[in-house]
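Structures are listed in the sections that come next.
Both complexes below contain chain A, partnered by chain B and then by chain C.
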Partner chain A sequence: MAAGATYTPLETNTLSSAASSVTFSSISQSYTDLIIVISGNTASGGEVGSNIQVGNGSVDTGVNYSMTELYGDGTSAASYRDTNKDYLNILIATSGTSTTNTILQFMNYSNTTTYKTVLSRSNAPSVSLRTAVGLWRSTSAINVVKIGPFTGSWATGTTFTLYGIAAA
Partner chain B sequence: MGNRNNLYSLWNSGGIMANTYVHISSTTVTSGTTVSLTSIPQTYTDLLLLVSARSDYTGGGAVSMAMSFNSNASSYTSKSIQYYGPSSVVSNNDTTATYNGITGAQARAMATGVSPVTTVSTFGSSSIYIPNYTSSNYKSYSVDTVTEANSAASNSPHGILFAAGLWSNTAAITSIDFGIEVGDFVSPSTFYLYGIKNS
Partner chain C sequence: MPILGIIASSRLSAAATAYESIATVTVGSGGSANAEFTSIPATYKHLQVRALIRGTASASAISANMQFNSDTGSNYSYHELYGSGAGGGQASDGTTQTRFFLHGNAPAATALASSFGVAVMDILDYANTSKYKTTRCLNGMDVNGTGGYILLDSGNWRNTNAISSIQITPSSGNFAQYSSFALYGIKGA
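Showing the complex of A and B:
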């Protein structure tokens, strides 16, 4: 018996105009993990982090997020962590022609037993890179993800693609 | 033929999800100093390249590779976070390198070798993700590399590398070449290329 497809594109959003955030909502609960691939830039300004919120039905705006990361800018490396925030700052982006990319993986996003972990590899080759882990302290399944730069907007043409990965 | 027609109908009606994580090619290297992945299809959104490689160099330390796109020798920059050997975690600006005739991004520590200080049969592992490789934007990519050799020697190639790379070129990527820094590839060094579609 042939295996079923386990890496399934669920939704792609290519911005036709600048946007302060992109939201995936009503996310299918039929998969084990979610992957979001972001390729593009912010509309203006220099290096910025992210304002990512997740939830069930609507995004959680409470102080239920934490993160730990490694960061490097070509000169020095550092680690950083944050607790009890109302957003996840786990990606890096910048404006200009130096396209940035981020891969987010939400582990076991649809279970209702555990808090939710997200892994991030984020690259802004002209300024810095980071590898991070984020935590949302909720046992609710995730069916909405909102992704914004920490300040400003995503640039026109930036792409956000959501994939579902099934364990079986 | 009847079964094929039935599957075709199911596919077009949404009854079967498209396979979006597709194996494009497998290249297994038994010797030599360069690897070429050519005629990359332009029908995917992103590329994922998984590399398992080892050099037969015996001089100590990890071995890098140069990685070029479309045989282009310019406009590569990258930044990395690296833990290697006995040093602490550092961040580097990685420059263009030329190894065995391949000029491109310097992919640090992508291959390990260094016998006899390294455990035999140990290969470095790398994951290279290239989003929107057919777009007319500059191409940024992500590299994760690990090497582990069960050796406490200071020149043992154990380490972890994360890199953010940029090829400042608007051409679609149609080929990828690798040149190893020193030594020859050890068999079986492998380069597995996958295409990922967003629809």
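Showing the complex of A and C:
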């Protein structure tokens, strides 16, 4: 069996000031899956979701996104879906001192034959947790990812780290 | 170019990691009745399987079943927590099973075209010969409407043998073209 080191760090963005979104562009097509790890908070306000868009060359702003999620807030668990949206709402973030963590996994992002599916696991420890699967209905390879909170901005100090995983 | 408001945006050079690609099975145009990893080296601490799954069965969904070391006995069990896009969260389990799930609900022939289910499974301490083996898996599919699922699974194989092979089969039909199953090893110190 072939073996080779992978799970390669590609880029890290640490916000020096609040930003409405963070964009990874010109993403290498040399990998099979992408991982994005987000650690931080929104600049203000309560619990919000995300406004994530992906594309090839530029982000797709059409209504080509959907998702299915499982959500728990310590009292109950519920499931929701979005259809025909112009964004992916697949994470959870809050302001304050309890750091929100999210791991996004874009599976087979560089192929040009399948729609693209992303898994998300997101924790807002003072509020809730959320796991979701999102779909971008395009067979284009992904080389740009834009990540914003659903409303407001990411707070100063929030980090976004991009990794690539290459299959044998 | 750094993005406005970001001072520490940096492209990083490739670095050696403790995470290694071992093998990948990609399904060709004829489909495949199974995917299998054999002769898995015992030189890692943990394994991870990352999969893209679609079935050929004339159904909206299939499951992708997993066994270790070709053990077809009733030595598997699982628990899962899942959501289907509406209502409350749901849970199920199975004891004395002949398999557990890499994916509980992956799209099949009548589901949205070009959609695939995805799964990331961790197989912990797979080479240890004194423990039963436990897995955890995040998997899901979305089809832009009814039929989507997101699942958190835990699996158990009641056997202390080191895992040297993994068998993955669809619950019916074949795996469709472009399905892929990638096996990775994670080193310990």
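Everything below uses one rule, namely that the second predicted complex is superposed on the first by the 165 of 168 C-alpha atoms of A that agree within 3 Å, B and C clash if a C-alpha of one lies under 4 Å from a C-alpha of the other, contacts with A are read in each partner's own complex, and residues count from 1 in each chain.
We take it that contacts are C-beta pairs under 8 Å (C-beta built on N, C-alpha and C of every residue); 3 or more make two chains touch, one makes a residue touch a chain.
Owing to the predicted nature of the structure, the values given are computational and were not obtained by experimental measurement.
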| item | value |
| --- | --- |
| Chain C versus chain B on the shared chain A, clash or fit after superposition | clash |
| Touched partner set for A:N101, first chain B, second chain C, both or neither | first |
| Partner chain in contact with A:S66 - chain B first, chain C second, else both or neither | second |
| Partner chain in contact with A:T139 - chain B first, chain C second, else both or neither | second |
| More chain A residues in contact - chain B or chain C | C |
| First, second, both or neither for A:T75, with chain B first and chain C second | first |
| Residue range of chain C overlapping chain B upon superposition on chain A, of 8-16, 98-106 or 170-178 | 8-16 |
| Shared chain A surface residues [contacts with chain B and with chain C] | 4-9, 12, 70-72, 76-77, 79, 121, 131 |
| Residue numbers on chain A that touch chain B, as the complex places them | 4-9, 12, 37, 39, 70-77, 79, 97-101, 103, 121, 123-129, 131, 157, 159, 161, 163 |
| Residues on chain A engaged by chain C in the complex (per definition of touch) | 1-19, 22-23, 32-33, 66-72, 76-81, 83-84, 105, 107-108, 111, 113-115, 117-119, 121, 131-135, 137, 139, 165-168 |
| Sites on chain B touched by chain A in the complex | 16-21, 45-46, 77-82, 89-93, 129, 131-132, 135, 137-142, 144, 162-166, 168, 196-199 |
| Chain C residues touching chain A - in the complex, by the definition given at the top | 3-12, 14-17, 19-24, 37, 39-41, 50, 52, 81-90, 112, 114-118, 120, 138-146, 148-150, 152, 178, 180, 182-185 |
